[in-house]
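Both complexes shown next keep subunit A, but they swap its partner, so subunit B is in the first and subunit C is in the second.
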Partner chain A sequence: MMTTLELFTVGGYRLAAGRSYDEATHLWVETVAEGAARCGFDPLGSETSGDVVAVSFEPVGTSVERGQAFGSLEAAKFVGPLIAPISGTIRAHNGEVVARPGLVNQDPMAHWLIEVQPSRPDEELALLLRDPDRVRAWFAAEVEKFERQGAITQ
Partner chain B sequence: MTPLVQIDDQLEVSSQTSPDWVRISYASALALRFKSGRFQRPFDFGGINLLLTYDQGCRSDCGYCGLARSRQGAYEDKSFIRVEWPLVGTDELVDRMAEHEEKLTRLCISMVTHGYAYRDTLEITRRIRSRLATPLSILVAPPTLNEERLRALKDAGTDMIGIGLDAVTEELFRQIRSDVPRGGLKWDNYWNIVHQARDLYGPWKVNCHTLVGLGETDHDLIGIFDDLLERQIFSYLFCFNPEPDSRMAEHPKTPVRRWRRVQLAKFLLEECGLEPGAFDYDDEGTLARIHAPAELVERAVRDGHAFMTNGCPSAGGEPGCTRPMGSWRPTEAPRDYPWQPTDADRAAVLEQLHLDEILRPGPGPGPSRPPERWAPPAAGRPAV
Partner chain C sequence: MELRVVDAGTVGPFRSQALWHGIASAMKPGDATVLSFCRPSSPYVGLGYHRSIDEIDLGACDRLGLPVIRRQIGGGPVYLDADQLFFQVTLPADRAPARIDLLYEMCLEPAASAFRALGLAVRRNGVNDLAVADERGNRKISGTGAGRIDDGVTVVGNVLFRFPHERMVEVLALAGDRSRQECLRLMRRHVTSLAAEGFEGVGFDEARSALIEAYGEALGTCLESALNESEEEAISEWEERLGDPEWLAVPERPRRTMHHVKISADAWLVMMAEDGLSVEASIVGGQIERARIVAPGLDANALEGKLAGQSVRSAELRRTLEPFGVTGRRVVRLFETLPTLA
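Moving on to the complex of A and B:
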């Protein structure tokens, strides 16, 4: 199914409208068919990791809790866990990203990582940012923070 | 004038080659914010590594190297030490280094074997020196140099010279770097440059890179450490890490236990006064026993500097060139620590060493090398 992304720009980064953003993990969540949800990196999440060279995920069928690792990411000089923004059962991995991890850097909003069947969607989606004005304010502050830390290009 | 080694060159120049363009290490690109990203563990990093770049690439063909001439693929796509080296304009790089100079600790230009390498290294050295005071090393390509050229690089503001010997015996050097498909190097030429650089730059201003895991024995390694120590030349230790698609891509990485024991033996030899006779080997040249007081060895392990990156120091004697993840992937435990090892790091090292297997019980003979024949303290380590 092809979907058209409605994008808006904050601090030079393109974000997709209609998605929920997790402040702690820099992952987005998009509700898709049958109540399932897809998760992927927002542009700061991927960029501040560096050039991504590998991603791996827990097997399909695994139950993950919000705040727990559902996989791991390896970049040129960094490796770290991928932390679930919502709880649920993993329904699918994005094989395209596993095969070509650099897609996460090239266009993070267009490349989801995993699809889950949420176990507590009403409760947990409310913890994420969705209102465009709040997303803009949060993301602009994050850009400034990462610039101060020297984690993004000059 | 000392004759130069003939380099097989068909020189062409395009718009993005040295001296106007260079490659920089990925870590350098992060530090100077040419790239976004972060290190696995936050730490101060200021050792900027530059690499000359040419359309034809390096004219050498070393079996383990990512830049080897016969390694498949376009030169600009080749990895070096297993990661991308971003291409940047030299003047923009110098501007950026000047802007961030307060956090820079050491600069290093890595030459490649190419007919223009000396000319361009001298030019880049001058551009750097016109704007920055941060100490500058050059990792030289011996076939491109002679005594006069080494002197010119010194006059231009280089304070340390590195020679990438890598293979520590003549036979191994011949197998991996001389008798190769295209563009072989000469052991004697490398040593001539070592000696000339030592004469010109002085004690503890020259270093030889030695690579653990190419097929040498521990006996070979400790022998060359001692030889260089007597000449007041630093040995810098590197851990072989197979470069994909190189001729040695399938050669196994050095086991961590061996690597740790070599790091420890080198430190005991260079900075704790042990003589080569304090080390025993089995029939295959593998380190089998260290004759030393257990307390001395355990103190060296606790100190932690034995397991830090060997590299040129900053102006203040702190670790200058620390090459984070040069010998290990971020998914692996560090082989050489770019930071002072933490308690957890040292506990891991101790476990990896299995000291009980190599440390002869009892007090041991102790240090017998007089302090004036020790190496200066490792960067960042206060003199005892």
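Moving on to the complex of A and C:
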């Protein structure tokens, strides 16, 4: 399904409109065809991860719970879990990102990681930020926080 | 703040890895940071979480009686033996810096200080190498890596008392003797040990004491400690998991046109092949030091000569190889497939 990316800028970072953002994991969620949802990194999640050299995912068909790992990411010899922002069954992996993990750093909003069939969409999508004003306020505060911590350089 | 110090002593290969996996797995928010030590009783080959088993010469490992153990941190194949002291810093994930290079800074600078206290001019090189740095350049003296397991984050390192470069190269799956010789040349130049630096008199206890003192200064008051019950349980579970052939086999990695051996933060051996053209290059400090090109009917000498000294992925590289026509452009394209060498 082709989608046009409508972007807006917060603190120098570009975010996509029409998506939901998970405050805990810095992953975005986009509802696509047939109620499925795609997840990917927001720009702060991507930047603080470092130069990504590998990603791996639980197999297609696996059920994942919100807050549990759906895969792993490697950067600078650090391996960390990718934490699911919503519960569901994994329908697909983005093979392009598996083959070229650096895409996550180059343009995180344009590259999804996995597609899931959400198991509790009404309940869990409501836990994510979608309202543009709330997304802007949250993300601006996160940029400030990460700057204070020295985790990002602007 | 308190820093628990746990010394597991000399343990079997699987336990030497399970130790820190288990400590991380058992860690809870609010727990004290743990500095753990161990030494493997016998040699083995470690493999990073996302790397392919195809990178290891399993025949050589069988012949040498070396088990292969996949670890839940990054990086490529490494040879580990009793001439190394493993140290690990494990802390609750909510106290770990948000950015990976800051995590390494926090957890590896004390190790660099410890090496300096022993008399070696060691500094952090790149994000996570510990290297002797002098007029001869940088020589890696500790392999490091990191990972998050459940609520714990661990940074691991080792002190190389002696290092058998030949054995390390022997267990790598490389394409023939020339590649092996080149890998060995790079490894001898860029990986060192206490003995190679003239510090063969430093023993395990002395190194351990220096690390405890440096980490104590940086991270908290040291408290010698034993493993607790939940750590013991988690370590046993990890020991079993790490020995499971299924754990070793996955995750499967996509086949790529490029294979690389990271020797140190500064030195790489990369091997790329596509449609009958193969390029092997030694890259040091971002420049091609040596290159070997093989293609049917190609007299590669001139091309290889032009590549020597060139920066990787530069516009200059494209200009330099333009006179070589289609073959030159194909070589440039292969170099353009290189990931960030970090």
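By our rule, the second predicted complex is superposed on the first by the 152 of 154 C-alpha atoms of A that agree within 3 Å, B and C clash if a C-alpha of one lies under 4 Å from a C-alpha of the other, contacts with A are read in each partner's own complex, and residues count from 1 in each chain.
Simple rule for what comes next: contacts are C-beta pairs under 8 Å (C-beta built on N, C-alpha and C of every residue); 3 or more make two chains touch, one makes a residue touch a chain.
Just so you know, these numbers come straight off a predicted model, no measurement behind them.
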Check the residue A:V32 against both partner chains and state whether it touches subunit B (first), subunit C (second), both, or neither. neither
Of subunit B and subunit C, which one touches more of subunit A's residues? C
First, second, both or neither for A:L7, with subunit B first and subunit C second: neither
Is A:A141 touching the first partner subunit B, the second partner subunit C, both, or neither of them? neither
Go through the superposed model and pick first if A:G50 touches only subunit B, second if only subunit C, both, or neither. both
Where subunit B and subunit C land on the same part of subunit A: residues 48-51, 74-80, 150-152
List the residues on subunit B that touch subunit A in their complex, please. 26-27, 30-40, 83-84, 96, 324-325, 329-331
The answer for subunit A against subunit B in the complex is residues 47-51, 74-80, 150-154
State the interface residues of subunit C toward subunit A in the complex, per the touch definition above. 48-50, 72-75, 97-104, 127-128, 144-148, 251, 253-254, 256, 339-340, 342
Hey, which residues of subunit A end up touching subunit C in the complex? 48-51, 53-54, 56, 72, 74-81, 95, 98-99, 101-102, 146, 149-152
